[in-house]
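Just dropping this structure here.
Letters A, B, C, D and E name the chains as they come in the text, with residue numbers starting at 1 for each one.
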Amino acid sequence: MAPLSLYGVSNSLVSTLLLHLAAVLPAPLSTLLSNGDLILLLSVLVFCGTLLGASLLNTILLIWFERKMLGRFMDRRGAMHVGYAGLLQNFADGLKLFRKHTFRPQDADPLGFFSAPTAYMVASIVMFGILPVSTGWSAGTLPLSLLLALVVFSFAPLFIFLGAWSSANKYSLIGGMRSAAQMIAYEVPILLAVVAVVLLSGSFDLTTIVNEQRNYWFWGPLFLALIVFVAGMLAEMERIPFDLPEAEAELVEGWNTEFGGMLFAFFMLADYARALVGSYLIVLLFLGGWTLPSWVPAPLTNFPLAGIFWFQVKTYLVFGVFIWIRASLPRVRTDQLLRVGWMRMIPLSLLSIVLAALVVLAKCLPVFGCLPSMGS
Amino acid sequence: MSESTTAESNSSVLWVAKPLITAARQFGKSLLRPSTIVYPFERLEDPKFRGAVRIAPGKPIGVGQVWDNYRGVHALNIETCISCNLCAFSCPDLCIDMVTVPGGDPKHPKKCPQIDYGKCSYCGFCSDACPEGCLSMTTRYELSVSKRSDMIYSPQRLEEVFKAKLPMSPIRVERPKNEDAILLDPPLCIGCNACARDCPTKCITMVDLPKPVAKAGEKLPKRIWKEPVVNDSDCVRCGTCISVCPKECLFWGTHR
Amino acid sequence: MEAEEVGARLRERFPDVVVEPFPGTAGRIRFPAARLIELLTEVRDGLGFDHLGQVGAIDWVEERELFYTVWSDRAKQYLFLSTRIPAGEPHLESLTPVFPSANWHEREACELVGITFDHHPDLRPLLTPTGYQFHPLLRSFRLHEPEELEVKVRDV
Amino acid sequence: MWINMGPQHPMTHGLWNLRVKIDGELVLDVDPEMGYLHRGIEKISEDRHYNEIITLMDRTCYVAGMAWEHLFIQAAEHALHIQVPERAQWIRTMSEEFQRVASHLMWYAAFVQDIGLMSPFLYGMRDRDLVLDLFQSYTGGRLTYEYMRVGGVRNDLPPGFTDQARKVCDWLSDRFVEYDRLCLGSDIFHRRCDNLGVLKASECIRYGITGPMLRSAGVARDLRKDRPYAAYGQVDFEVAVADGADVTGRYLVRMEELRQSLRILRQTLDWLDRNAGPVMAENVPRWMGAPYAPVGREGYLLKREYPKGVGFSAIEEPHGEALAYVVNEGGEHPYRVKLKSPVFVNIAAARQYLVGYRVADIPPIMGSVDVCVGEVDR
Amino acid sequence: MGSVSAAPTALRAATNAEMPLPMITEPAVSFVEIETLRAREFVPAAKEALGSMLSEQAQGKLIRPMFNWAGRNSLFPLHWGLACCAIEFAAAFGARWDAERFGVVPRSSPRQCDLLIVNGTVTWKVAHKLIALYEQMPEPKWVIAMGNCATGGGPFRTAYSVVPGVDKLVPVDVYIAGCPPRPEALLDGILRLEQLIKERKE
């Protein structure tokens, strides 16, 4: 059976609905409704709405997952009384923050103060449109989707710094500066690690990269790149042990000290959206995306939406590792973090590029001809 | 490094593996049943829980009569209260007032403690002081109110706590044997009966004194020819008699 | 180290100090306030009591007492030193040149008992609220039940 | 740029303010500002009876209430010349050691939070609750015990207490291994804490610093050994010493003290099993020994005379050496109570061990000092 | 003198060592049951909320119960510690009581809080800072006076530096008596506050 595609579903849904309506309605309206452009517009809207809603739901579920997991690591239960096992807890949090009075400190710059969280939120959510979740579930096949994703992903420090600077608070400022420094420092190793993946797969398109991994996942040959990428992602997501910008012990709440109400909710949601996106990227680049190894029995891969299901399972496992790290490691210091970033991570990522090149070279040699061929 | 320590070695060859493994082991232990007590549904003072606290599955640790000894809200048995005022005097925070309760005779109204839980520091001095054991501390601790005045517990509310039959501490501090006693300075006494009237335990009796015959030129003091005698075994040493004595002729002292 | 020994070692240089026994410690030295720095330096360097435990002040209405507790690691004992100054305008030389740790103790004594320490590096109030005018640990300072919470008069 | 860390700041673990002058991330100067929790305990004590002051002592240092009770009661007994029965001394020793365990566990929980470790905070609090349960089972309170009295202790231990206490000791000694794995086993911990907040032994003595901070600098000084009080002369233990004079050293000292405390506890529990006896002295004036006696207040007619005298006591509190000085001028209330808190001195020297490090280092360093504001401000 | 009546028996029992300790190994409420207990409560609550929504539709107050539900189930207290009660406050967030079960997560910045738990003695020195913190919190906000010092000064109310009750400074919604209150008592106070919010008419 043909794999379901989100756009296909929404398109057929909208067109069926409109055409049926047009059949019933009188002449001028029916021609208007059966217009192809309108159908296209509406189906795009439905597609976007579904994607956005599903992604945000997924993010909120991720927050719940983290709270429960952290609770278990800490020998406690975590949210459990709001909804079944606390599933509705984050909705309650969100609604409450939505109702809270939104205000601006007297000295804060209004433009930056209000635009930064919104922009941060938008920049994080746009990612869901770029990353393919399964075949047919992306906004479209972009030949350079990996590059686009990384570009959008690295916009965030700008907005964080904007928000931190405009909230006129010393802690926010220090947090924003740390955030900018660490994100910029870790952009480089992330990009270099990605270069290794690109080298091995021969494409910038995420769908192609995943398809390249249907025989073997890249984490094996590119283990070094994976480590660099995970460390970089930890820094980019600002999670322990690299959560210096929000280091609660010294900077009260880091760069979002002055944000309350809906602005804080934006930051919080966007943070977790970025965490989800980070886990998505790791799954896409190294863990085979929605594909499963060939030895997995067919019933496990054949049911509808199997790709999405397995993709989410992998994402949550990756995020579980992040939670595990968060539960058991202390925070590092800024200078140590930067030193590790510049002195360790960049050489490691360069090494991983060399390794990737060697792997590519090895495949060309006749000795290793038995290895599964790449791509075509 | 410190001597005889079993601390891990300084060189961390495994980098960060040890804490990761430790946390993972804890995760495995608490996956099904963390050590959390689901408070509104499970309570430590519940008999099921009394005496033990779970730490991890399969590892309960007994903690004895945790709950019986806890110092929470007071329970007051109004019937046995003798209005001796000792609880109010022993309170370091001045949170106990003696208020009139119905039931006493009109001349000597019965007074029972009223406790302001906004001031009480739950030290237990009052229940240790109570000679009749009618004021004791229970294990009730839920005392959240939305009005400050609701924190003041009248004797009737304290009696409700008593009637709820909550567990109470089995520890009773014994009264010491070689206490001081109430002594009388006979020349000062005018025999006014105030001490015997107000004694909560009625351990003071007024005995008749032989009225001396006035000699020539000597004026007999104006007084009633009676003198209080304190029954030491019944006396609770509350000091009421001393405080009501108009002539300050009663005082604390040791038996000679 | 006993009180006699301490007295014997101090007698030559400080004939005007009195060393009396104080159970559990190496003794208590009463000294005139003018010889504070000299004596404490000698106690620190000569007798080996090099660790200042505390500086406390007591208000005896007509005069104020300052007592110093020092500890010697060699003798493993505490030594008390106390001096009295008139309450009129109480001031005393600061001990901070000899024992830097006297800094906060003296700040506290200054604000709570109202003793001024000359040549103290920093005599700002430490504990009381900003702009507080009183010296609470004086005997003339009485505490009261706050009005709103005043309990009814006890009728005994 | 001066920044205020406090009074409401996650680093402070209490109510004080650390003003920090920073240049980028570097700390140029610090200025601790105390007094936000000044409750006038010394002044209130002047209006209270000796046994009533115990309720204040519990609240003076709210993580080590039993130790402060012990401190004050010893000074009061010294002033009033009262001998305490042996069993009461051993119970006091046991109580103080349990208090040390509870306090150090609280310190562990707070300290690991300062360096960003999340779950050990919960472990520390969880295991501390066990010790508090033990306290609750024989004193009736979790934090505020009101257990000691002039001349002894309020009541004897309940049946079965020692067995349960031993179980808790066994459980805790297993946990300490886990704690060490979580902290010392991690490379990041060493990178964060080694050579941090260094205060050498000579500086420590110059600034009057005591307790684990001094012992981490290699000075084996512990009042329990040097000037044994209660039953400490009869138990066998070692003084924990480290030589780093840094945050790691203080961590090691405290963890070692926890182990030594368990060692002392096992000995005291054995002794308490073997020996019975009274827990209250015989010769105590009745309104002292008996907690229920009417205590004199102004306007009330019970004025009693006490012997004039001065009482002094020094104990090794979990934070360091605490001193109490009680002046009795014959009234029924002490004339003056002077309490010296070790943390008071340790914070006063903050400039010596904070300047030159980074902003991110302040929480671990102050965490390793183990600040309890209640006893600083009193 | 002053000895305890329980003392001799205590020793005998302790040395016997065979006394069975009261212990439990089985949880009082099974795992699944606990997780669903509140959910079961939630169903009638949802029905009620729906009913009130429908009944108030005429008045144009459709979403109030929903926001009310959200507000009372996610109370973020300010993370600060004043005195003794702060230790019990921390213990309530520890493993044994775990206040996060109710959605109570301490935040360090007052901007993100809606519950000010005054957990300890308030001195005059910190009074204006407390008011500033209260004013920095966005509406709607609540105050819990935890313990006797916050309620009325407690044992220190006679002192020269202590505010006799935090209700002199900020409006208090719930008072929790105790010195300090047990963590359960704090949770009880939070649940009572939830009840108050539920009954609130905006």
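Couple of notes before you dig in:
Following the convention adopted for this analysis, a residue touches a chain if its C-beta (ideal position, glycine included) is under 8 Å from a C-beta of that chain, and two chains touch if they have at least 3 such contacts.
Everything quoted here is computed from the prediction, not taken from an experiment.
Think of each touching pair as a link: the shortest run of links from chain A to chain B has 1 of them.
Of the two chain pairs shown, D-E and A-D, the one joined by more C-beta contacts is D-E. Chain B and chain D, compared by their mean Cα positions, are separated by 27 Å.
Note: centroid distance chain A to chain C, computed from Cα atoms, is 65 Å. Rounded to whole angstrom, the centroid-to-centroid distance between chain A and chain E, based on C-alpha atoms, equals 36 Å. Chain contacts: chain A has residues 71, 73-77, 80, 248, 252, 327-329 touching two or more partner chains. Chain E has residues 1-4, 6, 21, 34, 94-96, 98, 101, 108, 123, 125, 152-153, 155, 157-161, 165, 179, 182 in contact with two or more other chains. Residues of chain D in contact with two or more other chains: 9-10, 35, 38, 40, 43-44, 47, 55, 119, 121-123, 126, 129, 144, 155, 158, 160-161, 163-164, 182-183, 186, 188, 282, 289-290.
Touching chain A in their complex are the following residues of chain E: 34-36, 38-39, 42, 66-67, 69-71, 73-74, 94-96, 98, 100-103, 107-109, 111-112, 114, 137-140.
Chain E contributes residues 1-6, 21-25, 27-29, 31, 34, 37, 95-98, 101, 148, 151-155, 157, 165, 167, 172-179, 181-182, 184-185, 187-189, 191-192, 196 to its touches with chain B in the complex. Every residue of chain B that touches chain A in the complex is listed here, in rising order: 16, 19-20, 22-24, 26-27, 29-31, 34-36, 38, 56. Chain D contributes residues 1, 3, 5, 9-11, 25, 112-119, 121-123, 126, 182-183, 186, 188-189, 191-192, 358-363 to its touches with chain A in the complex.
Those residues of chain D that touch chain C in the shared complex are 34-35, 38, 40, 42-44, 47, 78, 205-210, 219, 221, 226-227, 310, 312-314, 321, 323, 325, 327, 335-336, 338, 340, 344-345, 348-349, 377-378.
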